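In what follows, structures are represented as structure tokens.
Below are two complexes that have chain A in common, paired first with chain B and then with chain C.
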Partner chain A sequence: MTKNKGLAAFCASIYAFLYLPLAVMFAFSFNDARRNVVWKGFTLKWYGSMFHNAELLSALVTTLELAIAASVFASILGLFASYAMTRHAPFKGRGIYSSMLSVPLMMPEIVMGVGLLSFFVRVHIPLNFWTLACAHAMIALPYTASSIRARLLSLKDSRLEDAAMDLGATEWQAFYKVTLPLAGPAIFSGALLAFTVSFEDFVTSFFIAGIGIVTMPIKIYSMMKFGVTPEINALACCLLLLTVVLLSSQKLLAKKETQS
Partner chain B sequence: MPGESLLEIEGITKSFGGQTVLKGVSLSIKKAEFLTFLGPSGCGKTTTLRIIAGFEDPDSGRVLLEGKDVTDLPPYRRDVHTVFQHYALFPHYNVFDNIAFGLRIRKVAEPEVTKRVNEAMSLVKLQGFERRRTSQLSGGQMQRIALARALVGRPSVLLLDEPLGALDLKLRKEMQLELKSIQRKLGITFIYVTHDQEEAMTMSDRIAVFNQGNIEQLGEPREIYERPKTSFVADFIGAANVLSARVIDNKKGEVKLRLEDEVEVTLPRSMELALGAGQLLKVAIRPERIEVRYQDTPANTDNVWLKATMIDNVYLGNSSQIFLLPFQKPPGRVLMAVSMDAEHRERRTAGGTVWAEIRPCDILLLEPSPNGSNG
Partner chain C sequence: MLAPATIWLLAFLLLPVASLLAMSLAKRGPYSSVIWTFTWENFARALDHKYLTVLIRTMCYASATTGICLVLGFPFAYFLSFYAGHRRETFLILLMIPFWTSCLVSIYSWIIILGRAGLLNNFLLNLGVISTPLGILNTPFSVILGLVYFYLPFMILPLYSSLEKIPRSYIEASYDLGAGTIQTFSKVTLPLALPGVFAGCILTFVPCIGDFLTAEFLGGPKTYLIGNLVQNQFLMAQDWPFGAALTTILLVSLISGVYFYQKLEAAELERA
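The block that comes next holds the complex of A and B.
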């Protein structure tokens, strides 16, 4: 019993380490003081002022647009790649191509950032919104590809596309009448992950966001240079909430899919 | 009734990753025939079916449907439909839309679609299920929907890949008879894959017995059972006592064999196989064709008469299973006899001396298996 108590305390301290900073941040977002040091009383004004901060709002809009573009790109690419990996007759090096899809997951992001920057500069592509969206799509591709590939593999085992073609559907008809509707939830769940990845990306954006493109994480970073204000806490809380909502809906979707 | 040839398979070979699955399968299937591919798992029966459907390309050989070479045609350009092992019903469609799928792909007008789907649903006795979701169906119902979906387009050949494998025994028996009656009614050629020999016997006009990528025997159920060509066929369809036999003498009208290198028997008939004295072969004897006698008096002097020790006598309710040892040399090959005679129920004594009486025509001479093994 004493041993179990020791373990319980150990676990509790680990969870405290994980979640206490978030709790502190959450609490201080309601602190009625300019500085984050002492508790002066409860207020909601930081949430209000956050929404009246034009720079912050424009950063939010940019980030959302980026995340949507990146998740759309990554989903389309992920669907094509997964279809090739699971439906095309085995081709030479399929295994290598397949694992190369997930390399961006393992690569240090700073390497990606530097690499992308030197690439765009070398081939004289001006850095703009679309180059950044492409970069985000690249980072998010492993997430969409793995989600869609898993679904396509299970669909293949169920022989549903075979059944469609057996009944006279061409490969393309089988794809949009059977594969696409049934893989829809997996595509959407991959897109949600991609959205989250793009939304919170800092390192890559920091390297290759051109002049005038300020994403939310970059904006927060520059605000922090002047100290951590309760406004940043409030903003971080909102972002945290959004991430939680996105990730749990993704989990719910994935769960629903494994049940069907 | 089965008539002219509808589907021809010529010298199909196929290997997957260096492993040969089909070693040159040829056969000809007649119109309105119920043909079963029977064999153990991995014998190549399902691969042959998938090649006919167009899901696999053979390495060599041809598939001819109504005289036309369809070997290189994709599945959707063949007049062949499949009932899949796990039904493969579309989960995002209801029952009606599942059955209508093939018709709608072919742009059949919607009133005609409704009419034909309704016909198909009454054929499989599932009227009233149109709006059900497939997840609300039982295994037997899904089976019927899959059948209706494949039949509604009126294919010239219907392929069935172990369609009853997931159903329980009672339902399976029911569906066997129903499938057979649907096939008779529609006059469509059925090619049915199974590993269940009883299922094959129940439904088929002809059975192709597959073993290790070859067809070992093709024939009517009765022919397969009563005149098995190889020991594999004898053993796989029904039970069989397979013994080794050496030819002692082979002349017209009389064959002398030595069974298990010990017991000599004389068969008063010509041998179909051209084997000279001294050559080895295998023979099979069906358990129900061995009569167990308790006195040394054969009913017919032409019959083979073997003195044996009774090893065991097992009561099975409707029959008795008797194990006999007619050979002295160790280890000795035990023969199994099955009989429904009442006298065996009373004399359940192991260890006594009995006699086995076998009609010469029931000693089946077997060819060596084309695979060299299993024989």
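The block that comes next holds the complex of A and C.
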């Protein structure tokens, strides 16, 4: 029992370590000082001024658009690839192919960043919103593919598609009327993860966002580099709230998924 | 059906990496242009004293971070898996929230905490423990602290999932057969958790090697890592071939590291 208590205390201190920066961020978002390190008194003005900062708002809109585009691309790619890998006859090198899909998870993002930058510039692909969205889709693909593939595998075991095809549905009809609705929650939950990945991404955007594309993390980076304003903290609190909402809805979906 | 994902893998993963490898053997032209000749010059330069120090430093910091994360993460994952009961879901979500916070913002908070006029120094000064502010920021300590902060969840999650997979009956059997707590841990639990240990070590080590934000903000030129060099070559110095050579070295050391780990894991699992 004493060992148990000791371990519990240890875990509590790890949580304290992990939440310390978040607590500081939250507290200092109410700090009435331009120079951020000293506490000068309570204020809500950073939350107000944040919404009047046109640059910040346009960065937020760009980041949201980017995340939506990337998660849509990543879901479609993930759905197609998972369907091919679970439904069609096993092809040579399938194992290698599916591990290729998870390579972006294992690769340091800086390698992706400089690799994409040098490749795109060499072959004269313009660095614009859509190239960035496609690159984000690549980073997010492992998340959507694994979520969708798990669902498709469990659907395969239930043989509902076979039943549909026995009753005269074509493969396309079975896919459209049976597989897709049943896999819907898994696709959505993968898309939410992809959205978060893109929304939080700094490194890839940092290297390949062309001139004029300013996402939220890039904006925060330049605010940190050149003259910080305390709006960062207020902004970060709002973003954190958004992330928590997104992730908990993803968790809830995944839970429902396993229960059904 | 495979075509879209294949196109993506080619255009956004394989060709970019291939172009990096090719460029690492080319020569720098004026501005950020590249002269396509075959030369090992960039690699020779990367192994120059000045850059070799950074490479070695990166390896040391990454190994230290991995070690610290393992020491902190194992008891944590152990508690979560064995004692947290029905609340483990909540604990896991609580673990993920800081991880999903923008890392830039966490870095910024750490600057507020560790800075010369920061919270920690103020706290210690008020307590009377120190009389002059400590220079904690811009030291190896602050960089490794940042790395541990960011990559600890990468260690804990695989450890936790491998501990979860251990059938509890094995542990009971070990107790029934007369083994003590320590013996059960070292002979049953730990060997069965080894795959998680290996996975956690790789997942922590890999992003550490590529990190550049932590050293940029929490460290200084004296604690720069290979990621900072790469970023510098691509965005400031505009010497892309040299940057590509550095990235290639990073990639090769990573792949060989992962390969070595897997060999070790296979041997270790065979033994267990």
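Structure notes:
By our rule, the second predicted complex is superposed on the first by the 250 of 260 C-alpha atoms of A that agree within 3 Å, B and C clash if a C-alpha of one lies under 4 Å from a C-alpha of the other, contacts with A are read in each partner's own complex, and residues count from 1 in each chain.
Here is the rule we go by: a residue touches a chain if its C-beta (ideal position, glycine included) is under 8 Å from a C-beta of that chain, and two chains touch if they have at least 3 such contacts.
Bear in mind the structure is a predicted one, so any value in this text is a computation, not a measurement.
Touch criterion not met for A:96: it reaches neither chain B nor chain C.
By the touch criterion stated above, A:164 is placed in contact with chain B alone, chain C being left untouched.
Of the two partner chains placed around the shared chain by superposition, chain B is the only one that A:178 touches, whereas chain C remains out of contact.
By the touch criterion stated above, A:54 is placed in contact with neither chain B nor chain C. In the superposition on chain A, contact is made by A:119 with chain C only, not with chain B.
Contacts of A:211 after superposition on the shared chain: neither chain B nor chain C is touched.
Counting residues of chain A touched by each partner, chain B versus chain C, the larger count belongs to C.
No residue of chain A contacts both chain B in one complex and chain C in the other. By the touch criterion given at the top, residues 53-55, 74-76, 80-82, 84-86, 88-92, 101-102, 105-106, 135, 149-150, 153 of chain B touch chain A in their complex.
Looking at the complex, you find that chain C touches chain A at residues 1-5, 8-9, 11-13, 15-17, 19-20, 23, 32, 34, 72, 75-76, 78-80, 83, 91, 93-98, 100-110, 112-113, 115, 117-119, 149, 152, 181, 202, 206-207, 209-213, 217, 227, 230-231, 234-235, 240, 243-244, 247, 250-251, 254, 258. The touching residues of chain A, when paired with chain B in their complex, are 158-160, 162-171, 173, 177-178, 181-182, 260.
Residue ranges on chain A touching chain C, taken from their complex, read 3-4, 7-8, 10-11, 14-15, 17-22, 24-25, 28, 36-38, 76-78, 80-81, 83-85, 88, 97, 100-101, 103-104, 106-112, 114-122, 134-135, 137-138, 141, 145, 196, 200, 202-203, 207, 216-217, 220-221, 224, 228, 232-233, 236, 239-240, 243-244, 247-248, 251.
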